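The structures considered in this document are given below.
Note that subunit A is present in both complexes that follow, paired respectively with subunit B and with subunit C.
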Partner chain A sequence: MSTVSRDTMMLTTPFHSRVEAMCDLNDWGNWMGYTTPNAYFDVELEYFAVRSTTGVFDLSPMNKYRISGPDASRYMDRLVTRDVSKIGIDRVGYAIWCNDAGQVLDDGTIFRFAENEFRLCSYQRADDWLAWNTLGFDVSVENVSESIAALAVQGPTSCTILTLLGCENLNQLKPFGMAHYTFEGHPLMVSRTGFTGDLGYEVWVPPETAEALWDRLFELGHEYLIKPFGSHALELARIEAGFLQAHVDFLPAEDVVRVGRTRSPFELGLGWLVHFSKPLFNGRSALLKEQEQGSRYRFALLDVAGNKPAEHSFIMKDGKVVGTVTSAAWCPTAKSNLAYAQIEMPHGAVGDELVAEIYYQRELHWTQLYAPCKVIDGPIFQPARRRQTPAPPQ
Partner chain B sequence: MTDYDAIVVGAGHNGLICAAYLAKAQHKVLVVDGRSVPGGCASTREFADGFSVSDCAQWLSQLDRNVMSDLKLADMGLSLSDAKATISLQADADHLILADGTASGAGVDDEDLAAYRGFRHMMTRFANVLKTLYQGRPPKLVEKNWTDRLTLLKLGLGLKMLGKNHMQDLMRLALINIYDVMNEHFKHPALKSAIAMDAVTGTNMGPRSPNTVYSYLHRITGEHLSGTGTTQVMGGMGVLGDALAESAKAAGAEIKLGVAVKSIEKTGDKVSGVELEDGSHITSKIVISSADPTTTFKTLLGYHQMEAGMAKRAELYRNRSGTAKIHLALRALPSFTGLTTKQLSQRLIIVPPMDEMEKALNPIKYREISDRHLFDISVPTIEDSSLAPEGQHVLTALVHYVPFDPKEGWDEARGPLLERLIGELEVYAPGLSSLLIASELVTPSDFEHSHKVTGGNWHHGELSIDQALMMRPFPGSTQYATAVDGLFLCGAGAHPGGGLLGLPGRNAAREIIKRGALA
Partner chain C sequence: MNQYDAIVIGAGHNGLTNGAYLAKAGLKVAVLERNPYIGGATVSRELHKGWYYSNCSYVSSLLRPEITRDLELPRHGLQVVPFGGGATFMRNGDHFGNYADHDRHYREIARHSKRDANAYDRYSADTSLQTKLIRPYLMRTPPDPTSLKPRDLRDLLEFAQSFMALGEEKLLDTIKFWTASVGDYLNEYFETDVIKAHMAGSGIIGTALGVYSPGTAYVLLHHYMGDVDGNVGAWGFARGGMGAIAEALSKAFMSFGGEIICDANVDKIIVKNGKAVGVALKDGTEYRAPIVVSNLDPKRTFLDITDPKDLPTDVVRKAENFKIRGSSGKLNIALDGLPVFNGLDPRNRLMAGDLHFSDSLERQERAYDDWKAGTWSKDPYLDMMIPSLTDPTMAPPGKHMMSVFVQYAPPKVEGKDWTDEDKDGFEKSVIDQISNYSPNFRDLILHCETRTPREIEAEVGLTEGNIFMGELTFDQLLFNRPFPGYAQYRSPIKGMYMCSSGTHPGGGVMAAPGANAAREILRDLKRPNTVPGGYADD
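For the complex of A and B:
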C-alpha cells in the first residue's frame, strides 16, 4: 500500500517525475520528509545492478551546507573530529562530529572546494548546531539542500556511463576526488564517493538540470544495464560494505532522551576519525578522558554462521547477553551472513567467538537459533575496483 | 618554566582574595587589572572636585567573616561603621524602620511584627542550610566523588533538620517569587515592598519574577556569613579594595594595575598565560579569572578557543542589570522629611507597593525609561567626613529599574533621567536640588564600561536557580574549574555568586590547591 497521498505534506526531489515513472512497485518511504522509493522493481535485482552493472540512487534529500568565509577552515576543524587540513582542495572526507560530551551527533562527508569553502553533507538537519558553532568565527553557514540535486551512480559500469555523459578522464579520478564539468550549460560536479562500497560516483547538479540528467543517464546507460535502486537495496549494499547508518547503528546524540544511549566515536569503531593531534575540536576533552578510562561498548562486525540474518539479535558470551545487533543481512556478493553489533566491553575484540540468538519465522512457525559468530576485522566485500585508479574499463 | 604559578585576571575583591589565599599557600601569584585602583566594584572615586563616593557597591553586608579574619583586613586598614537600620521612607513621613530584627513605624501593629519575626526566623533557618553550601565548592550531582557526596549528605541532613514543614516550605518557596511569598506572610504594604526590594537589588527582576526568593535567600545567607549587618566602609568602599590588595601583597602576591589583560592565551590544548594590552605576554601554570563569565569566555579567551557546546552556554548566560546609581555632591546636609540626622545616616529606601514595583520594571523590558523608581540611599558623609569638603556632603543611591540601553540612547536619555530621579528624591527631601553642586548618573552600561562587568550586572550574572550552585555559571564549568584545561574562575560568576561575599575567591583558591593544579 502506498504510504503517500497525492496531496501530501511530503516533499519531492527534483528527480521525482522520473523516479515516480520508474517506480513500478509504487513502494514509497519517508527519507527526512522526502518521498523516496523503498524499491523500484525488485530489491535483489536493484542490488545486483549496483554490484554487476550500474545502479542510480536519488540522494537529493541529503542535507547539504555551504560553509565559507575567512575562518571556514578553522570552523570545520573545531566542528569535526578529524583533521580537516588533511583534506585537500577538490577532495572529500568522511567525518563525524560530536557534542562536548564526545558523543556522536552525526556522520557525513566534507567536500573541500577551496581553502575556505566547504560543503558538509549530513544525515540530520544540522542548522541549529552549525549555527551555534559559528560563535567566535568569521564564517557563513548556508543550508543549500534544496539548491543542489544529486544522484549516486554506482557499480562497475558507472565510470563508462558517466564518461559517455561528457565527464572526460573520469577514470583518472581517485577515490574521494572531485571533478568539475558542465552539463547542458550548467555546472556538474562528480565525486568518487558513495555508500555501496563499490566503484561509484555521486553527481551533483543544480535542480533545474535534474530531469535532463536523469534522462540522459538512462539513455546512455541503457546498453550498460543501468537501473535505478531504492533504499532497501542501498541498505543491503551498505551493510555488505561495512558502512554505519545514523539512526540505525547509532542514534544522533541530539535525538537521544535516555541516559547512556548515545555513542562515542570509539564505541562505533570510528576512533580512526578522531585526531587528538588537533588542539581543539568538539568533544576532545571528553574523548581524551574516554581513551584513558575506557569505553563502554565496542562496535563489532560479526560473521554469523548460517544464512539467517541476525536481525535485532541478542549477542551472547558464555550464556550471558553481552550485546545487540543493529544491522544484519545475508550479503549476496560477499556470500556471508553479516551483522553489526554493539558489544559491552571488554568483549567483541577481533577474533572473539560469540553466539547470536536468532528468531525467524517460516509460515507462522517461529524457530529459535543460536548461531555461532566471530568478530572479523573488516568487511569481507572489498572489490579491487572500489579503489583502483584508473577505474577499470567495463 | 612559567613566569608565575597562577595569574589572576582582575583585582576585584574576589580576585584579590583568591590571590591572597594562594600566596599564603606559598604559590607565586600575579594579579592583573586594567583599572588603576584595586578592588573592582569595591572602589572609591572622586566624582566632583573634593567629593568622593563608593562608586559601585555602597554597602558592605555580606563579606564572609572568615575572609575578614584570615586576611587580617582590620589590620590592613578596613574599618566599618556600626550596623545600619533600614528605613523605608513613606510619603506621610511616618517611616517604616527595620532594625535589630524588629519593625516599627508606619502603623506596624503587633500582628505585622509577629509576621516579620516569624518570617525572619524561617529565612534564618533556610540561610543556615545554604551556608554549608556557600562555604565550599558546590557538589556535582552525578559524579562519584566523596567530597561531593559528603556535601550533599550535609545538605540533605540540613534540609531534614529543618523539620517537615520548613523543608516543604523551602522546596516550595525557592521556585516561586517574592511577591507571592510576601502576600502569604504579610498584610502591611510597606513591609512587603521593603523586603521585596532586597530580593531584586542588582538584578533585572521584578518582585513577580521567578527566582526572586532565591536572590533574597542569597542576600540573607551572605548576611549570616558576614555577621556585620549592613555597614558603611569608612573612607569609602575603595578602602576594602586597598586592604585586600595590602593583604594579598603581604602574603606575597604581586599586583599589576593599569594594564588590562587583552586575552587569555592557549598553547596547544591548555591555557598557558595571558597577553596584556601593552602587548607583553606572561606565562603561568593556570589562569584564574575573576572577570564575569561573558568577559572571560567571550572576550578574553574567545569562543573559537573552546568547544561549541561551552560557547553556546556562555553565550546564553544571562547577565543584564536594571540597576543604576546616582551620585550627588551637596553644599549642605539634605533634609529628609521626618528623619533625624542620625536616621539620615542609615540605609534609606524608597520603594512603592509591590504592584507599583512590578510596573516600574515593565518599561525596561522594552528599553524604555520608567516613570517611577526604587532607591537605596546612603549619605556616607554624616559618619565619614573624609569624603567631602568640610560641612558638605555626598548622597549616593542605587536606582532600580533603569534600562541597559534605552531606545533613544544614553546621550539623549541621561540628562532627563537624572533630573527625574532628583525630582523623585525631592518628594522626600524638599530643597534637595537647591543644594546640588554636582551630580552624575551611572547607568548599567556605564558600569559595564567602568568596572568591566558585562551587562552592568555586579552579580556577574543573574542570580537565578538555573545559574546557581552546581550550575554556576553553567554546567560543564563549575567547581571553579572550566571545561578549558588550565582556566579557572574565582569571581562572582562562580559559586556562590554575587555581592561582596568574598567566598568565590576563597573557595576557588582552596579548590585549586586541593586539586593540585599548581603542582
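For the complex of A and C:
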C-alpha cells in the first residue's frame, strides 16, 4: 500500500503532455486545481508572441456550462444583466451576473448555439448559483468543463495558422462570432474571442482530439512563429487590453466575508452591460436604486507617470487616500504605465488628476515615489486588427 | 498558614488561568483541586502502561492565543500541533474526506456533488462572517444590557454597531444563524447527505440537542471560532495530550508564586456578613481569603458548595433551572495497531483527523431520538481521533491511542442511575458501530476506558457530564451566561466570583472565562489589570 496516491496531486488538462514537453522553465501554477504553466520559456517573449506572431494558451480549466431547454433564453435573461436576445445565434457576448443586492457574482462569456442553447464560460465555478436559478424554468444546466478542451490562439498570425488548419474563410469571422469545423472527424468550434485584446481566436474541441490539435497547430504554425504562453504573459496582455480579472479586480460577491467589499457593475465600469429595458433580472431593482442614488466607487484606468508599475498602490487626491490599485503593469506594446484603481466617489472621473503612492525595491533598498496619474477613458492599446473584418493576413 | 488573598476552586484550565492572572497581579493565590492530579477535564492520564489518554477534552483550537502568549505557555512546555484530515465513513463502503487544500477539498466534495463542492465556498464565506462577529468578544466581559454604567453602555453600543454595520440582509442572516438548527443551516447550502452529516457534527457535540434543534447552528460556530496560529477553524493536538495545557498553565501560575493544593475537596464556601471569607474542605480544613473564585459549573457553584441560604432566592432558582444536560460519553482505547476503515489505507492522511460514521442528518437525529427516550444511541454519532498519528508521545511506536467521543448518552438511563450493565451496553454500541466499518478493529483493542455521564460527573465533577458546563444555546450565551444579571463573573456574594466554562464565552478549552474573570476581580480590587486584550481580527 502506498501512503501517497497520485490522486492527491493537482489535475492536468487534456493538453498536459504537450504543455509539459514545452514548459522549459518547469514553472507551474494552480488554476482551478489544475496544473498550469506560469511561464514556458520567457514571460516577455511569450507576451510578444501574442502581440507580434501567435501565442497559444491552454484555457481548458475554464468553467463551462451547457444551458439548454425551452426556457434557456428566458433563463439567461434572468441570470445576467445584459439583454441576451441581442446576442445572435453563433455569436458570443461578454456578460456579468449579480445577486439580488446588485453586486457582481462573476463575469464570463455567453456562446449562443441556437435560440435555446447556450454555453456559459465563467471564471468562478457557478454550479450552485446556476442550479438555484433553474427553479421555475424548463431548462437544463450541465457542467461540461471536463468534456471540452480549449486553446486560445492569439496574435497577428493566428488567423493564417487556423486557416491552414482547415478553418476556411476564418478571416471573414467577425469579432465575437463563432464558426464550426471538423478536425480529425470531431467537431471543432472557433470563436473570435480572447483575453488579450488582440486579433485572436479560441478553439474548442472534445478532449480526445486535444493532443492532435496541439501538435498540428504547432506544426502548421512553425513558420508563423507560433509559441505557447503561460499565465504570467496572459496577465500582462490582459492588463494592457483593459480586461478585468475576477478575484483580482473584484471579488465574486458570494466569496466576500467583510461588509462593503463587493462591487456593483457600475462600480466596475460595466454599466454598459446593464440593460434596464429587461423587466426582470437578478439585481435589477438594487441597480436601479444605485443608478438614482449614486455608487460608492468608480473603476478608473490610470495612466501613471514614470515607468514603475503602481502595484498595490494607494491613490491620493490632495494628500488624502481616495482609492487603491487592483492591477498594474508597464505595458510593453502600448509603452504606457497602466493601473486599474477603485476610486471613492466622486473622484476618478475621466481627466481627473491623482497621485499614486508607489513603493519599489532595488537591492533591498526601498524607494517611495509619488507618481502623478491621470484617469483615461480606455486602454491605450487598441490595435486595428482586433476589430478588422476580414482579419488582416499578418 | 491557610490565609491567602484569593482561593480558586478547581484546577481545570480556567481555574489555573484565573489563578495565574491573579498571582501575576501580586496576589497570594491558592488553587484547590479535589483530585490528586490537576487539569479537570484538561488531562492526560496513563491508564494503560505506555499509553496516555486525553480522557476528557481531546483536541485544541479555542485556547486563546493571547493567553498562550502572555502566560508564555510555550516556554512552560506547551506545543499545539495542528492536524489535517478527517473523514466520514459511509454505510455504502465509501467515505467523505476532509482536505485542507481548497482544490483537493473541492474535488472530494465534487466526487459526491459538484453543486455542493461549489456551494462550499458560499458556506465558508457565510460561516466566516459569523466567526468574525463573535471572535472580538471572546476576551471581553459581556456588557449588561440592563445596566446604565458608562462601561456597559459603551460596550453595548460597540456591540450594536458591529451588528448594524452588517447591513439589513446580513443582519437578518445573522439573527437567523443564531437561532437556526445546524440541519436547516446546512440544508441551505448542500444537497448531499454525507456532506451535511460530516459538517453537522460540530453543531451537536457536547449539546443535548439534535441536528434539527434550533440553536445548534451556533454550536457549530463555537467549534469554528478558534484558531491554530491564526488559521481560524483549525484544530490541533497538545503534544503530550490535553494535560500538557494544564501543566503549562500550572507552571505559569507557580512562576508567579501561586500554590496548587491537590486532594482538597471543597465542601462549602464560608460566607460571613454577606461576604466570602474562605472555604471549608470536606475533611474540615479551612482556607481563608477575601476572594473566592469558583471554577465549578454554575449548578455546583450555587447549589452545592454555596449554602443556598447565603444567596438570593432568584439566583438559587436560576441555578436550579440552568440547562446543563448530559449528552455524551467517551471511550479511550489503547490499540495494538491501526484499524482499517472501509478499506482506506490506514496511513492515508485523512486518518489523522476527526473520523465519523454518521452519514446522514437522519441518522444523527435518530441518535438524538434515543437520548430523548432516555437511553444511549443505538447508532451513535462518534467523533473519533487517533492522536498518536500526530503525536508520538501518546503511545509506544507502532501502537496507537484512540479517543472516541460518543453522542448521545443521557445523564440517567430511563430515569434511573447508570448501572454497570448500562455502561457495558453503551460501550458495546460504540465498539459494534466501529467494527461495522473496520473488520480488524476489535482485535486491536488492548485496553478501553469507558466513561458514561456517570463517570464524567463523578470523576471530573461536570454536572450530568455536560462537557461545556452548560449548554451553548442563545438563552445561555453572552450576557445570559450563566444567568441574566450575573454574566460579569461576579456572584451575588461579595468577594465570590465565577470563572468556569459556565460563564462567557463558554465551554471548550479556551481559558477565556478564567482570564476575563481575573480582569473583573482585579478591577474590583482596584489593582492594575494583568489580563491581555484580544487580538484584533482583520
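Here is the rule we use: the second predicted complex is superposed on the first by the 386 of 394 C-alpha atoms of A that agree within 3 Å, B and C clash if a C-alpha of one lies under 4 Å from a C-alpha of the other, contacts with A are read in each partner's own complex, and residues count from 1 in each chain.
Everything below uses one rule, namely that contacts are C-beta pairs under 8 Å (C-beta built on N, C-alpha and C of every residue); 3 or more make two chains touch, one makes a residue touch a chain.
Source: prediction; values computed, not measured.
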First, second, both or neither for A:G88, with subunit B first and subunit C second: neither
Subunit B versus subunit C as contact partner of A:P279, first or second or both or neither: first
Touching partner for A:G378 - first (subunit B), second (subunit C), both, neither: neither
Touched partner set for A:D255, first subunit B, second subunit C, both or neither: second
Touched partner set for A:N30, first subunit B, second subunit C, both or neither: second
Intersection of subunit A interface sets (partners subunit B, subunit C): 101, 129
Residues of subunit B that touch subunit A when the two form their complex: 266, 268-269, 298, 302-312, 315, 476, 483, 485
Residues of subunit C touching subunit A in the complex: 103-104, 106-107, 114-119, 121-122, 125, 128-129, 132, 165-167, 169-170, 189, 345, 347-349
Residue ranges of subunit A touching subunit C (in the complex, touch as defined): 1-3, 8, 10-11, 30, 32-33, 101, 125-129, 131, 143, 254-259
Residues on subunit A engaged by subunit B in the complex (per definition of touch): 71, 74, 78-79, 99-101, 129, 132-133, 135-137, 279-285
